[in-house]
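Taking it in order: structure first as structure tokens, then the write-up.
Letters A, B, C, D and E name the chains as they come in the text, with residue numbers starting at 1 for each one.
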Amino acid sequence: MIIARVIGSAVSTAKCERLRARKLLIVQEATARNELVDKAPFVAVDAAGAGEGELVLVSLGSGGRYTELTDQAPVDAAIVGILDSLEIGGANTFEKH
Amino acid sequence: MIIARVIGSAVSTAKCERLRARKLLIVQEATARNELVDKAPFVAVDAAGAGEGELVLVSLGSGGRYTELTDQAPVDAAIVGILDSLEIGGANTFEKH
Amino acid sequence: MIIARVIGSAVSTAKCERLRARKLLIVQEATARNELVDKAPFVAVDAAGAGEGELVLVSLGSGGRYTELTDQAPVDAAIVGILDSLEIGGANTFEKH
Amino acid sequence: MIIARVIGSAVSTAKCERLRARKLLIVQEATARNELVDKAPFVAVDAAGAGEGELVLVSLGSGGRYTELTDQAPVDAAIVGILDSLEIGGANTFEKH
Amino acid sequence: MIIARVIGSAVSTAKCERLRARKLLIVQEATARNELVDKAPFVAVDAAGAGEGELVLVSLGSGGRYTELTDQAPVDAAIVGILDSLEIGGANTFEKH
């Protein structure tokens, strides 16, 4: 799963039926120090109750469909966890406030 | 799902049976501000009734086959929603006209 | 599906049983103007009767296995259509001769 | 499977049910000489009993779900083996201590 | 399938059960002229009886699991064929010795 920060949200009315009532969040890949990586943001279905600004785990590809909210939906990315902390080499590089 | 702009369309007569009668649109990845990203455009099956110029959500890989129009088809990309608006940090970065 | 040009062919005698008698073509990603993109060429199973020089649609990943010729085969890329024409912004960028 | 080094760990309380009690490790792609590759680290579920500093095999995408610990979980990366040694051209490029 | 050269081998004792007794080879993507591409080598399960130095076809992602040796295994890359020759524009760019 990639580490990503929730930076916004998307609204889409005309969409596939199985995406109805799903929260669509804009996420951007981030480092373990919560710095944004220089890649285009993309949209993930929220399956973990995430909010803007939070650092999350995004499961890409078919992995994003193994949640109750995304099962059988035309989804290639889902937020599957909210990160509390990250540790590298014994030191905390990220801690949720 | 990536954010992409519909920039054109493709015509293919000799194609796999399960692609028959599908609308093939040319899309290019875009930022949340509707700026095209410098990547080669590609072809996605339209499962959302999209038109040229619209900003859409494209589901890549197996995710693109979870729509009525692409089920069991040899497809790796489908347009699964038309974007109405995108918001980052409380400000609209895109709004459909 | 990516837009790609058929640039050659591959011969492999010692291969997995389910690849037997399949036409293996070398393809390289191309723009909508039929210009080759600077990426390494790769091999796709031909499921559309394509020939060298043609611009084709290549379905990547699991999508490449949803054809009669590639079903259940260890394949991650198949040619699923031959392009007749591509249009961007109302103008033809490619037309098959 | 990519070659990767375990560089840390992640803690996530609010996560999808099927990720519960899974060890989430931070990994970064590495060369066959155990040098880190300049790509953003990411999170993989540990299915091989790996520890920080070890060089491991990470199976990406759906491949990461074919372990007892990740079956049916919203996972796109799993550590599936701990590397003992790597050999290129008859010479050891890595050996576990 | 990508064109790749077998450049070495990997040994992993502590690994997932379904990887047991599988030959793990280190491969690196190559051009149709058998020149290595500047990308990190990775590990593929050998399903074609390949040896070091050979140019092979590697099926990535779920495609790598459609062989007898990799079925249901946590694998994202398998060698599915040994290349005899490659031809581009009517000229041989590679021929096995």
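Everything below uses one rule, namely that a residue touches a chain if its C-beta (ideal position, glycine included) is under 8 Å from a C-beta of that chain, and two chains touch if they have at least 3 such contacts.
Given the structure is predicted, the values throughout are model-derived calculations rather than measurements.
Engineer: Enumerate, in label order, the chains that touch chain B and chain C alike.
Structural biologist: Where chain B and chain C might share a partner, there is none at all.
Engineer: At what distance in angstrom does the C-alpha mean of chain E lie from that of chain D?
Structural biologist: 20
Engineer: CA centre of chain B versus CA centre of chain E: separation in Å?
Structural biologist: The mean C-alpha positions of chain B and chain E differ by 32 Å.
Engineer: What residues in chain D touch two or more of the other chains?
Structural biologist: 61-62, 64-65
Engineer: Which of line, ring, star, complete or other matches the graph of chains that touch?
Structural biologist: ring
Engineer: Beginning the circuit at chain C and going via chain E, which chains come one after another?
Structural biologist: Following the touches around from chain C to chain E and onward: C, E, D, A, B.
Engineer: Under the stated contact criterion, what part of chain E meets chain D in this complex?
Structural biologist: Within the complex, chain E touches chain D at residues 7-16, 18-19, 24, 26, 40-44, 52, 61-62, 64-65, 72-77.
Engineer: Help me check something: in the complex, which residues belonging to chain A touch chain D?
Structural biologist: On the chain A side, the touching residues are 1-3, 29-32, 37, 47-49, 57, 59-67, 70, 78, 80-89, 93.
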